[in-house]
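Shared between the two complexes below is subunit A, which pairs with subunit B and subunit C, respectively.
After this line comes the complex of A and B, so read on.
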């Protein structure tokens, strides 16, 4: 074998373990559940192999599933909007701060590293009937009896915002940090007010970061089932909860496959759309 | 309007991020029987109970073993793939990168379902193997992103110098490239361990009955009510998952400084 041929083969040898893992543990399983979603789970609990449209008919036409899907997208959209409103100014502050940016970023990363389940359940300590907020209001005499602030849609959104906000701030920061501050100064010297300079120069240049953060918040928010289980009430189930129910509780795996693929199709379409217009590179910058 | 308002807003945002965590830590030292306010005194009793709770200790052992194995496998696969992507001109490199990070582009629930049902079809039931496979595939993209980002900054000419002085490619890798890469490798491993240690979304699907990791143990305990013990467990987790990377970064900085001298 020539030196060139060996040289050309080397990267593939290095790549093959990782590519095999992703192929066997992600792509083949995804293909498998696509086939599986056309099978039927019979009353005896056995799978009937074949080409049945029952699961897809149920998943696509049952108003129960449709309503929960729409509600899931609504919750994800509200969460993303709140993250953007809360996160953008904070990211701007870090990017333009004359202080120690590294320390400010590190402070932001700390809650990021703290376990998702801990951060989610910590809100029970704050909003619960005997939590911090009720105790404080009772002590101040604002209320006479504790009020239940948990197990509703707002508490689910609150938990999601707390979980996803660092993703937003980080992505916006990365794109703001890459903007030359001289551009704003130039706009100012040409007669723009600071606000005008921000709106017409800085904000448009930071939109890719905002979009990357928004995509992550939306996709991660819409795919969660833990937050509604911990902070939501019985009527706050999100789409991933339906998947969990079908797979773990009802053991109806073909139906669960169809529901999973439906979620993948909706969220995957967003990722592809993003990739088409903005490219994956921006997303990778914020993740890396 | 202006800078002061932005500063105030940012302080509030930081407060929002830290307040719930601070309350968990505070309540874990509460002497009272209930995990709630008002606090009735300072005590370590919940940490002592934690240390005597066999179920929680078992969950810790499971999580640590799982995290270490995940980190070892993921980092090996990730470092090899990153080397190929950074060091060689591979046709279709962009496409390959996207394929390799696909596990985090797919919603984790979907990944969890697909892997569970496929391995079950292959007669690999819910087991530690399934759990490990899931954690590896889910952490691999993070390792690749972290390692690749750092690998770019290692200069190629140092290796070429070693080779021109007569070192074989294998010698060059172990004596030149690997030591230079070590911070990147460690960062990747630490990242993989932390993500594995924290994971609950996939783990709830993959774990065999009776086996709990720390997050699923906390989740199971939440079914009853929030107890000071959960807060104490939360405090331990916070120390582990936030403390470890901090120590890692401090060590990395120390090493870098020594090298700079």
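After this line comes the complex of A and C, so read on.
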């Protein structure tokens, strides 16, 4: 075998364990889900094997699914925007801090040591009618009766921000940490104010991290079902809750499969669109 | 001679390969063959090892119920037999069925199922086993009325033993709602606009439709005006703070005064009362009565399961569990002395006839399951 042929094969050999894992753990299950989506659920709860388009017809044409999908995307977008606004200053602070960076990063990672469900449920003890916040305001005489702060859309967004903020901060931090601080000093020496140096040098260079964090927050936010289940009211369901209900409550795996593939397709398309039209090069050109 | 383990085998193989004693194709071929052999033999090895039962899987409702089972039944059973009981929890029969459907036979063994309709559904899906009743002599103490519906479904045989019963009645905070008001309004207290955002309800479609039938003056086991029922479900939804999805959430909402009124499970409400919360409980006329059973799934180690069921039905265990979980046991009070606490539990019937409780008709409810569970999913979200 020639050296060129061997070199051409080498990456594939090295990649083969990862490709096998992805194939077996992602594409094969996805294939099963795709096949399932064309089956039907019978009245007894058993699945009827065959090629039926009923689930796809329902998923694509029923306004119920469309409305909840749009609401899900709206909640994910708001959550991502809040994470970006809150996460960037925090990441900037950590990246520019001297000496205690490791401690700050450790503090950032601390919430991951506690289960996501426990973290979500902790808001019940904070925002509940007899929770810490209401109790404190009652004690201080700010309010006479407890305020209902839970089980609505803002509490769902709050729970999602709590869950996703560390992902945004970490991504932005990695990006900011890689920027040479001499660049800001150079901009200052050329007459730029600190704010101008940040806007025209640091921010554009950190956009890849911001974009990566945004994508991660959006995709994770749009796919969650625990937060709306724990912190949401009757009308705050997100699309993943529909998948959960179809599969777990209604035992309608075929419909649940079609719905989950629909969510996957929408989020996948958004990621592709983002890369196509809002790629980093385009964004930096726009800011430049 | 010391027996060689797999790790040592692979290390030797790797060493031969690194020394150049084995070509790459041969090395990968041997690794592949080892993987194939392991993959092929593992499922059979599982069945082979299943003959030697070291553990039984039990799934139930969690919370105080699970604690009672662990303390009064599983730990003593393990101590006596050496068989470990691995217990898991679920939020409802539907959720559990979904897990079972995705599992291999034998992975799940015994479930604490609610309602005869669940028994019918599991049996309809071919998930039932057949118990050898000779191995469960304590079945003689069980209220006959609780056994009959199961026999009827599975043609005389049993896949489960009845274990307890209870009701889903009205639970309310006495600080804000009086006993008289609940007596007067009955199930319609859940539609009282004066308590908007202080009302909750279980997300379960059966319970919603049952209560909707009561609210519209219909027979819960034979509602004729279904649209009126859905209107009542929508009216309830619009006044609602939250649909609860587990017993723990029900208790938390009531205990923290997030809500003043909901329907609730009798045993959980009794547990709240025991903790000192001033929560009232009332079964409205035709309130939702249910019985729970310990269902043995197909593919389970039958003898070990039967032994566990017999152990759990023993009066001393059954009474201890009932006192822990606050649901009356399935034991016939005419045959067994149930002690002092059980007669005070909600839904308890000292006659053992259970004539005062209305149970769900499995044919009626399972016949509407597909349509109503889907509609409930929509109505719940504002549609």
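The working rule: the second predicted complex is superposed on the first by the 245 of 288 C-alpha atoms of A that agree within 3 Å, B and C clash if a C-alpha of one lies under 4 Å from a C-alpha of the other, contacts with A are read in each partner's own complex, and residues count from 1 in each chain.
Note that in this section a contact is a pair of C-beta atoms (placed from the backbone, for glycine too) under 8 Å apart; a residue touches a chain by one contact, two chains touch by 3 or more.
Quantities reported herein were computed from a predicted structural model and do not represent experimental measurements.
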item: Superposed partners subunit B and subunit C on subunit A - clash or fit; value: clash
item: Which of subunit B and subunit C A:186 touches, first, second, both or neither; value: neither
item: Subunit B versus subunit C as contact partner of A:269, first or second or both or neither; value: neither
item: In the superposition, subunit B vs subunit C on subunit A residues touched; value: B
item: Contacts of A:233 with subunit B and subunit C, given as first, second, both or neither; value: second
item: Touched partner set for A:53, first subunit B, second subunit C, both or neither; value: neither
item: Contacts of A:41 with subunit B and subunit C, given as first, second, both or neither; value: second
item: Partner chain(s) touched by A:110 [first = subunit B, second = subunit C, both, neither]; value: first
item: Partner chain(s) touched by A:199 [first = subunit B, second = subunit C, both, neither]; value: neither
item: Touching partner for A:247 - first (subunit B), second (subunit C), both, neither; value: both
item: Touched partner set for A:147, first subunit B, second subunit C, both or neither; value: neither
item: Listed stretches 181-189, 217-225 or 235-243 of subunit B, narrowed to the one that overlaps subunit C; value: 217-225
item: Contacts on subunit A seen with subunit B and repeated with subunit C across the two complexes; value: 124, 128, 130-131, 247-248, 253
item: Residues on subunit A engaged by subunit C in the complex (per definition of touch); value: 41, 43-46, 64, 68, 124, 128-131, 148, 150-151, 229, 233-235, 237, 242, 245-253
item: Touch list for subunit B against partner subunit A, complex; value: 1-2, 6-7, 9-10, 13-14, 16-21, 23-24, 27, 34-38, 76-78, 80-81, 83-85, 87-88, 90, 96-111, 113-119, 121, 133-134, 136-137, 140, 142, 144-146, 148-149, 194, 197-198, 200-201, 204-205, 214-215, 218-219, 222, 226, 230-231, 234, 237-238, 241-242, 245-246, 249
item: Subunit A residues touching subunit B - in the complex, by the definition given at the top; value: 10-12, 14-15, 17-19, 21-22, 25-30, 32-33, 36, 86-87, 89-90, 92-94, 106-111, 113-119, 121-126, 128, 130-132, 135, 162, 165-166, 169, 194-195, 219, 222-226, 230, 240, 243-244, 247-248, 253, 256-257, 260-261, 263-264, 267-268, 271, 280, 284, 287-288
item: Residues on subunit C engaged by subunit A in the complex (per definition of touch); value: 92, 94-95, 97-98, 101, 121, 124-125, 197, 205, 237, 240-243, 245, 252, 256-258, 367, 369-370, 373-374, 377-378, 380-383
